[in-house]
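Shared chain: chain A. Partners: chain B in the first complex, chain C in the second.
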Partner chain A sequence: MIEQRYRTDILVVGAGPAGVAAAFRAAESGARVLVVDDNPQCGGQIWRADSKKALDKDATKWLDRIRDSSVKFLGGLKVFDRPEPGVMRAEGFDQVVACRFEKLILATGARERFLPFPGWTLPNVTGSGGLQALVKAGLPIEGKRIVVAGSGPLLLAVAGYLKERGAKIQIIAEQTRRFDLVKLGLRLLKCPKKLQQAFDLKMKLQGIPYLTNCWPVSASGRNAVESVTLQQGPKEWAVSCDYLACGFHLLPNTELAELLGCRIEKGSVWVDEFQETSVQGLYCVGESCGVGGLELALVEGEVAGWAATNLKEKARERFSERRKWRGFAAGLNRAFELRRELKKLPTPETFICRCEDVPFSRLQSEHSWRSAKLQTRCGMGPCQGRVCGPATEFLFGWKTESVRPPVFPVRLGSFVPSSAGDAPAES
Partner chain B sequence: MPEFVTIWINGSAVRVPAGTPVSIAVLMAGHSEFRRSVSGEPRGPLCGMGICMECRVQIDNQAHCRSCQILCQEGMTVRTHD
Partner chain C sequence: MLGHSKMTTAGFDVAIVGAGVVGAACALECARAGLRVIVLDRDPIGGGTTGAGMGHLVVMDDSEAQFALTRFSCSLWNERGVELPPEVEYQKCGTIWVAADEVEMAEVHRKQDFYSSRGVAVEVLDYRQLAEAEPNLREGLVGGLLVRDDSVLYPPCATRFLIEKAQQQGAVLRLNSTVASLGSHGPVLSDGSVVSAGITVNAAGISSPQLVAGIEVQPRKGHLLITDRYPGFLNHQVVELGYLKRAHSVTSDSVAFNVQPRKNGQILIGSSRQYGNREKGIDALLLRQMIRQATEYMPELKNLSTIRAWTGFRPATRDNLPFIGPHPNNENICLATGHEGLGITTSLATAELLVDQLLKRPSKIPYEPYLPGRSGERRADA
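So, the complex of A and B:
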């Protein structure tokens, strides 16, 4: 295994909008900035390169800025450990990287929340953003029948995107109440940019039923999903489909921050006004410190990039804009809170942990995440509880805990630094 | 960079545009089932972004590779049901 070593002033983990903005602003003062990301390319999820369609103006502007700057980008690397203070280790397909840094900015983004229901483990039952990512990467979708379900603004964006690419969207099932969406709609009136986006989406989605108070109760099929049963009030009915794209809003990725000892509050990384975490010299930006969308991620990134390079006055200039987007994000997250009825979706046989195939019935007698891990192997598989952890938190109220290295599964050899004799030069 | 690359999936050649993730090549080759779970259920990609590990396959004899995060390279050999 080739081990590559780097030394940088500022290391940014995550190359989505928040990481890109942070890196660009940090590099302005002449600091050496290195960005690493698990994905092969810069842009994260929302600016994921599309095999068929050019990115929008905002995305192009920021990605061009990064390309033309002194910022160095390394893709295809998952950061999995901090072997000593000031060093992070990352693994790629055919290499290991050790990076020594002065300051660290975490921009690890968010993932979709998945909730278990009978049939949710079938092939072609994907996340909503999950299916979008696959299609952007080149999955042909023309003419495919798709049910989009779950919760959050992402459902609409995904449905709009898939429709544009020729898919037949059967229905969009949103679990939240119409009343909560109306409240959110009123908030949009104060936010012209978001209002415009919502209006454009509405036009794009004309003719597609968007049902609120509606959610999937089961999916069925032989080797892959063929049909999904939806529920709305007392009504239950089946819809045939080739894909069920289902995700229940987003969750911050906090594992790396937890490993580094950062304080976590309400599921997000706690930060001060300069985006600095409870650990000095360690910043956190974007969705990992609270799901808030693109605009908030960008402004948080800029604040951290400037603050980490001692340009605190510049950072301050962005505070009022950040306040505005945080207010909007709070309204958004309230509107898509999960309803209690969703806790009743799993049957005793439904697998909650997909890695270890642990059914709901085996977890009902456990009292904590830890006991479930020890007694049933729930959360002990390769995803390390990233999927079932949030599900059990919702179903049973368990707190997932004890993040330890490696934060991602890696090869044993990646853990062991190459010996001093053959240590490669730092670049 | 070449416009297309050829990779081998379970012994069959598959030609895809350069820059395509392995997961998409596997799906385009007609496999919605990437692996079997510990109790024998068919599984395929869920999250599309390297979190869930459901799309893992063997690539160039390396076990447990997340196919959604690795791009096809000319001549790569991929085995599903890793």
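So, the complex of A and C:
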């Protein structure tokens, strides 16, 4: 295994919109900027490279900016540990990277929230963004019947995308109440850009039933999902499908920030007005410090990129725009709050922790995340509670605990630097 | 000790502070003896050092006293092995002590004599047999000693099993209860209430010195790592022999190659020992040394996917023997603490010796070496 060492002024972890904007603005001042992402390419979740479709204007603009700047991008690397202050380690397919930095900007984005219900672990039951990513990577979807369910604006974006790619969207089931969506709709009137996006999406999704107050109660099938049972009010019915794309809004990825000792508040990384976390010299931008969509991610990235290079006045100029998008984000997150009925979905046999095969019945007698972990090994598998942690928080009100390295599973050897003699010089 | 005057009518005969493996074992032994017993813990069952440890049940021979205790306790575990439920993951996989050079091979033979003359089944392995037993060990090792009856288990579930068994026999468990001090009528909780008991057993692990004066138990930090599942990669608990030399240095940090197969194919990788470090966080430098040591013996470990690293604190005494029995200056208080890196192993024997003393029963092995006021401990003090 080769070990590469780097030294940079600013290290950005995550090359989604937030990381890209931060890196670009930081590099403007002449700072050396290095961006590392698990994905082989820049773009994050929303600007994920698509084998069949060109990216939109916004995406092209920002990705071109980065390409033409002095920013160095390293793809295919997961950042997993901070062996000492000022150094991060990342693992790739055939290499390990150690990067020494002056300042760090975390732009690790969000992931989908999964809630357990009978059948949620069947093959072809995926996250909604998860299915989109698979299709972008080449999964053939034409003519496939898809039920999109869960919560959040992502359902609509994904359904629109899959439809464009020739899938047959059976239905979109949104758990939230119609009333909450109407309130959100009224907010949209104040954001022309968002209103336009919503309108475009509506046109794209014409002819597809979009049901609110509706959620999946079970999925079934022999070798993979064949049918989903949906519930809306007193009504329950089955819809047959080839895929169930199901996610319940988004959760900030805070693990790396937690490992570095940053304060976490209400599930997001806490930041000050310059996007600096409770740890000095460490910034956080985009969804990891609060789910808020593309526009907010971009503006937060710009603020941090400037602030980290001491261009605080420039950063300040973007505060009012950030305020606008934060307001919108708050409305959005309220509108997609989870309803209590979803806590009743698991049956005693439903696996809550799919890494360690821990069923709901084994968790009911536990009193805390810690005791559940110790006694049932819930959350002790390769995902380290990323999936079942938020699920048990919702189901039982448990608080998950300490993050320990590695933040992602890595080869044991990746922890250990090659000895001084055979290591390449820092570049 | 638990004669007549000490037996309270209202409260409990015995209150145990700590629902780690030691407190749990003591609770069961008390309940079996018909004593009215309550167990108190501020945290979940096994949430202290017990939840961070490795669960290797191992006969050790640093001293005759350590040998007697570990051997007695291992035989108790083996007797009960059959009744342990599947989640305890009890497995009689045996230990292999690995010798890397001729000096360590001499230690293998010494150990063989020591164990076999005391009736413990051991087998010397030459380099070929060693490679057969553990194909992933590196080439060039000299041999090893196989101790067949050593075993492994998953400590938190073993602890819960002991507690639940005690509860079935009348013991009371009270979690979320922080003990503030040990009064003469029983433990005083942080809300000021007293749990009335004739005898209080301090089984609070590394926190035990905070509850009574006059004992020294130091936290000795250890690191562990766990891998994803690789069934068949490892068959025994495998420990290097150099371990003995380094592990007991009180002054310097040390690491040792010590790996354990879990029933589901995961591999636990240890271990380190550090004094004077009370930080819960990972010490990156030591972790690296530990990994280097492990991959030095088992190079293929390098390529296994690692899920998590963590730390735990062993409750260490000066002479590496636990405190089992009445406090030297306070007859209402008994100690069951200071088990260092062997508390999972020695918990069952500890419980028997403790209750033997409480009820003045004859004990199966002498309990004097583990008495809190022992001279060895005093001498080490000087």
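We adopt the following convention: the second predicted complex is superposed on the first by the 427 of 427 C-alpha atoms of A that agree within 3 Å, B and C clash if a C-alpha of one lies under 4 Å from a C-alpha of the other, contacts with A are read in each partner's own complex, and residues count from 1 in each chain.
The rule we apply is simple: a residue touches a chain if its C-beta (ideal position, glycine included) is under 8 Å from a C-beta of that chain, and two chains touch if they have at least 3 such contacts.
These numbers come from a predicted model, not from an experiment.
By the document's definition of touching, of the two partners only chain C reaches A:Phe415; chain B does not. Of the two partner chains placed by the overlay, neither chain B nor chain C lies in contact with A:Gln175.
Touch criterion met: A:Pro382 reaches chain B and chain C at once. Look at A:Arg354: by the touch rule set out above, it reaches chain B but stays clear of chain C. When both complexes are overlaid on chain A, the residue A:Asn124 reaches chain B alone and has no touch with chain C.
Greater residue coverage of chain A by touch, when chain B is weighed against chain C, goes to B. Of the two partner chains placed by superposition, only chain C is touched by A:Glu84; chain B is not. Contact with chain C, but none with chain B, is seen for A:Ser368 once the two complexes are overlaid on the shared chain.
Of the two partner chains, chain B is the only one that A:Ala133 touches; chain C does not reach it. Of the residues of chain A, those at positions 381-382, 409, 411 touch chain B in one of the two structures and chain C in the other.
On chain A, the positions that touch chain B within their shared complex are 38-40, 45, 49, 51, 76, 78, 93, 111-112, 114, 121-127, 129-134, 137-140, 223-224, 351, 354-357, 381-383, 386-387, 409, 411. The touching residues of chain A, when paired with chain C in their complex, are 1, 81-84, 367-368, 370-371, 374-375, 380-382, 384, 402, 404-406, 409-413, 415-417.
Those residues of chain C that touch chain A in the shared complex are 43-47, 51, 87, 156-157, 160, 175, 225-228, 269, 280, 282, 284, 287-288, 291-292, 294-295, 301-310. Listed in rising order, the residues of chain B touching chain A in the complex are 16-17, 19-21, 23-24, 27-28, 32-34, 37-39, 41-54, 56, 59, 62, 64-65, 68-71.
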